[in-house]
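In the part that follows, the structures are each spelled out as structure tokens.
The two complexes that follow have chain A in common; it is paired with chain B in the first and with chain C in the second.
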Partner chain A sequence: MAGESETLGLHAAKLGKRFSSKGGDVQALEEVDLEVKQGGFMSIIGPSGCGKSTLLRAFSDLVEPSTGEISVNGKMPAEARAAREFGVVFQSPNLLPWRTVLRNVTLPLQVMGVDRPTRNQTALEMLELVGLGSFARHHPWQLSGGMQQRVAIARALSTNPSVLLMDEPFGALDEITRDRLNLELMRIWGQLSATILFITHSITEAVFLSSQIAVMSSRPGRITELIDVNLPYPRNTETRDMPEFYELVIEVRRALVEASAVAS
Partner chain B sequence: MSKTDLGSSPVLSEESEDISNPIGERLRAGIRQILVAIFLLVIAAALWELAKFVTGTGDRTMPHVWDILAFLGSTTSQNENYTWFLVKNAWSTAKASLVGLLVGTVFGLTTGISIARSKFVGNGLMPLIVAAQAVPIVAIAPALVLWLGTGGVTKTVITTYLTFFPVTVATARGIQSVPQESHELLQTYGASKRTSLRLLEIPFASPLIFVGLETAAAFSVVGAIVAELPFGSKEGLGVVILTSWQFYITEPRALYCVALTSCVLGAIFVLSVRLVAYFALGPRSQGEVL
Partner chain C sequence: MTTEGVTLAEEPDSKDSGKRLPIGVVLTPTIFFAAFLAIWELAVRLGDVQVLMLPAPSVIWSRFIKDFGLLVELAVNTGTEAGKGVLIGSFIAIGLAGLVHGIGWLNQGLLSYSSTVKALPVVALYPVMTIFFGVTSKAVVAMVAVGVAPIMFTFASRGFSGTSEHDDLMRSISANWRIRMTALVLPRALPYVMAGLRTAVPLSIIISIISEYFGGSVSTLGAYIRRESTMLHTVQVWSAIVMACLLGVLVFVAVSLLDRYFLRWHSSRRET
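Showing the complex of A and B:
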């Protein structure tokens, strides 16, 4: 067994996933090798249907891989889930409309059996972290889409996970809200030093957030290129004006074009 | 603003913290609803009188509305106020309806949950339940009396039989329409089936379950009255309906009074369920009891 520092973070080796359906089998993932170091921020970008979500779902134990190996902090996804190693943020906020904002954030803690005073206190702290402390008593429908997604992030953070798996969390938001939430996410990540796997369609979002970007091609879903993003942290609004930022955007776009050329 | 459904609510700005639905506004909305209800009752009475006038129906077949209402103030042969007599019998029916409704609800929830949970159970059970509902209750009621006697058990069985179906269907449909992503959310927390049921499925389905309960509440009164009709019960609206019908030639107004009482009892049951729903569902209820 390797040292602990090597097993922390996310690992996938020769990961494959085949879905069988009436229309024939689909190879969603093929021979995917991936490593996200502890505290790293990896974005996965690729065309629709390239298997990015399947990859994230494999890490979050929602999809069983067909072949290959996968681990979260050195554990199998099911074990990692039981040990509350990761939190998941979905594309839609996925809040329960009958619960207040606070009680949405306490949900995972309630499932764990944490007592009410403790879970309320933790949830309030998380809401403060995402800047929604004063909305604890509201219901989800009283919040804008961006605020709802921040609640979803607070909920994912409430179990204090060391890994955050985010499946296009800002995909449904407008550009302005998305930029603001990207800044928020950078601030939160800076405070928590969690490992993040982030699925996105947006090149600028991927460049702005990540320490590394994996570009995927579709059918079969493969990682075609890994791009290091050597922009300094903490990242802020000035980051988007740096020439290096634009160079990276161009590089990722080129890699994406090549990836889709491979596919066709 | 008394209506607060999920889809069309205005989104608050980031700064706003206002959740407005002041008591005063709700009270005014309630009074407005009651006024509308009274207005509709007056219309119904007017239509009755109009139909009587246009068709030239005699007082024996269709007594005047005011004559029927006046009869409520008369005295029975036991020297008892007629309204009080009706209330007493309605109370007896209400007890039977309530027991049947509660048993039917428990039964309906359990069946609904098992149908939603298991395709196997659902596919096998659902057609049977639907077929059972097609059996006219009046047809099997005499057999039930033979097996179970004329007591409370028969009443409970018949009302349960009528009430569990809408609750079953509403529960099953409600749970089946929980979005896949919500299930996955609970799955990522490693929630057990029981926890999912308690924290996700039942709360999600509850608006629909309450719709089923409203129907069941109305059916429970019908069930109790049917159970009382021909089978040697001593009290209850069913018994009063039967005797009023037998003495219709001498006193036609009595039958209409007890029919009216049955309507009122049914309405009380349905409104009670809506009241419970109003408090249980909070902002997800339609915000109106009437």
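Showing the complex of A and C:
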């Protein structure tokens, strides 16, 4: 049992990524060590262009690391992808506009070869979970940005992955919608107990959601500080009124300032 | 009013209400056209122009009504030739674009080739087609296919070369080639294919009629116009021209309707 829990979750050791281009090389990630325990909620926060998205893309096998080791549930990202260990939620909802909401959610199941009645049923359950059960027959353009992103979450969850990789999923939304979706995400996470890696540039969002926050600096992208968030779960609207919440917001802000001071 | 993505559409079904074409869009051209016909009619009558030179619109119209059955048959035959040509040319062009997309040098080579061919007067090749296919409607179909294929290749190739965040999505869910093609690559190319068809379909009618001038099936608009003109049946020529115009309008409307149906998800088809 102890041995198994060591391999589950997300691991990165001395991870480095260098992008080469005509304008010169960019060290997007340098010596990144990260561990997200199974069932943990880790947020990565940092200034724009610090490489936090690159880190997530390395876990989701969309970027090949230059150096170091990385694993998802003890597997290499490519193996983990093939084994459907993780679902990805992108910055934009990334829905296929020519497909209905339902057929967007069934897409990963279609890839897996699940038969149509089963995948429709699963997709409907996922849409119910994100509160969009009655929008199955709509097309994405008929939905608001927040609703579209909820469809994207339903799609990522449809294969029942144990890891969810979320790349600034609420970054393009207004603050009210974002707060609502944060609550929603907490509710969903409580029901599924998945491991979540969550990229954001919002301090309050990171504090509200996470069990742990990694602060990144830019150029080279490295993790400068790990902050434990010991706020009780389940989190709800009252969480945002707790004095500890504000203390943590201040602490993360200080860490971010220090991280950017290192960079410049 | 709607901007992409972000605006709220909590009542999605309410958006088609209250759409109306501004009256001027229809009225103004109608008035202009009516005035044009009136001036034509008057000029012919008052100027005492010989019917062999230029018949009055009323004369053309009564001939058109009288020969309507025949003219429809001619238009159907011409339209069928054009349609077959578009289908064959598009099928080859889109298939080829799909095959070579991703093979940079081959794609580039074919693209510059098709740009060159587009600039050439392809109907000049018609005599060559009759060598291959004889003076038959097959030669006309082949001519249309040759004329349409470079246009469709250019558009399809542009459609296939597009990339988007959806590619990351497909990779993240480990989609196989078949699903990537049917769920992403082909639908993503569809707006480009439709844009190609909007150019190619009216052109196919032009190519068909001009090819028919030089022979092919007897019972087509082009062959009819040529035959009647050599006999100085000017009124018959004009009535066939009216039918050719109607055919052109018809296929244009047909393509527009197809476009609207297949691309109803596309952001550019939803404004106004």
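The working rule: the second predicted complex is superposed on the first by the 262 of 264 C-alpha atoms of A that agree within 3 Å, B and C clash if a C-alpha of one lies under 4 Å from a C-alpha of the other, contacts with A are read in each partner's own complex, and residues count from 1 in each chain.
In this text, a contact is a pair of C-beta atoms (placed from the backbone, for glycine too) under 8 Å apart; a residue touches a chain by one contact, two chains touch by 3 or more.
Worth saying up front: this structure is predicted, and the values here are computed from it rather than measured.
Visitor: Please determine, from the superposition on chain A, whether chain B and chain C clash or fit.
Guide: Here chain B and chain C cannot both sit on chain A without a clash.
Visitor: Which partner chains sit in contact with A:8 here, chain B, chain C, both or neither? Use first/second/both/neither.
Guide: After superposing on A, A:8 lies clear of both chain B and chain C.
Visitor: First (chain B), second (chain C), both or neither: which does A:45 touch?
Guide: A:45: touches no partner chain.
Visitor: After the superposition on A, what does A:81 contact: first (chain B), second (chain C), both or neither?
Guide: A:81 sits against chain B and chain C alike.
Visitor: After superposition on the shared chain, which partner residues are touched by A:137: those of chain B (first), chain C (second), both, or neither?
Guide: In the superposition, A:137 contacts chain B only.
Visitor: Quick one: is A:186 in contact with chain B, with chain C, with both, or with neither? Answer first, second, both or neither.
Guide: neither
Visitor: With the two structures laid over each other on chain A, which partner does A:229 touch: chain B (first), chain C (second), both, or neither?
Guide: neither
Visitor: According to the stated criteria, A:172 is in contact with first (chain B), second (chain C), both, or neither; which is it?
Guide: second
Visitor: Based on the superposed arrangement, let me know which partner A:108 touches: chain B (first), chain C (second), both, or neither?
Guide: A:108 contacts both chain B and chain C.
Visitor: Which positions of chain A sit in both the chain B and the chain C interface?
Guide: In the superposed arrangement, which is not itself an observed complex, chain A uses residues 60-62, 81-82, 87-88, 90, 92, 94, 96-99, 107-108, 110-111, 135, 138-139, 141-144, 159 for both chain B and chain C.
Visitor: Residues of chain A touching chain B in their complex?
Guide: Going by the criterion above, the answer is residues 60-62, 81-82, 87-88, 90, 92, 94, 96-99, 107-108, 110-112, 134-135, 137-139, 141-144, 147, 159.
Visitor: Which residues, counting only chain B, touch chain A once they are in their complex?
Guide: Its residues touching chain A are 6, 9, 11-12, 14, 17, 19, 181-182, 184-191, 195, 199-200, 203-204, 206, 281-284.
Visitor: If you look only at chain C, which of its residues touch chain A in the complex?
Guide: Spelled out, the residues of chain C in touch with chain A are 5-10, 12, 15, 165-166, 168-169, 171-176, 179, 183-184, 187, 190, 264-267, 270.
Visitor: Would you pull the chain A residues touching chain C in the complex into a rising list?
Guide: Spelled out, the residues of chain A in touch with chain C are 60-62, 81-82, 84, 87-88, 90-94, 96-99, 107-108, 110-111, 135, 138-145, 148, 159, 172.
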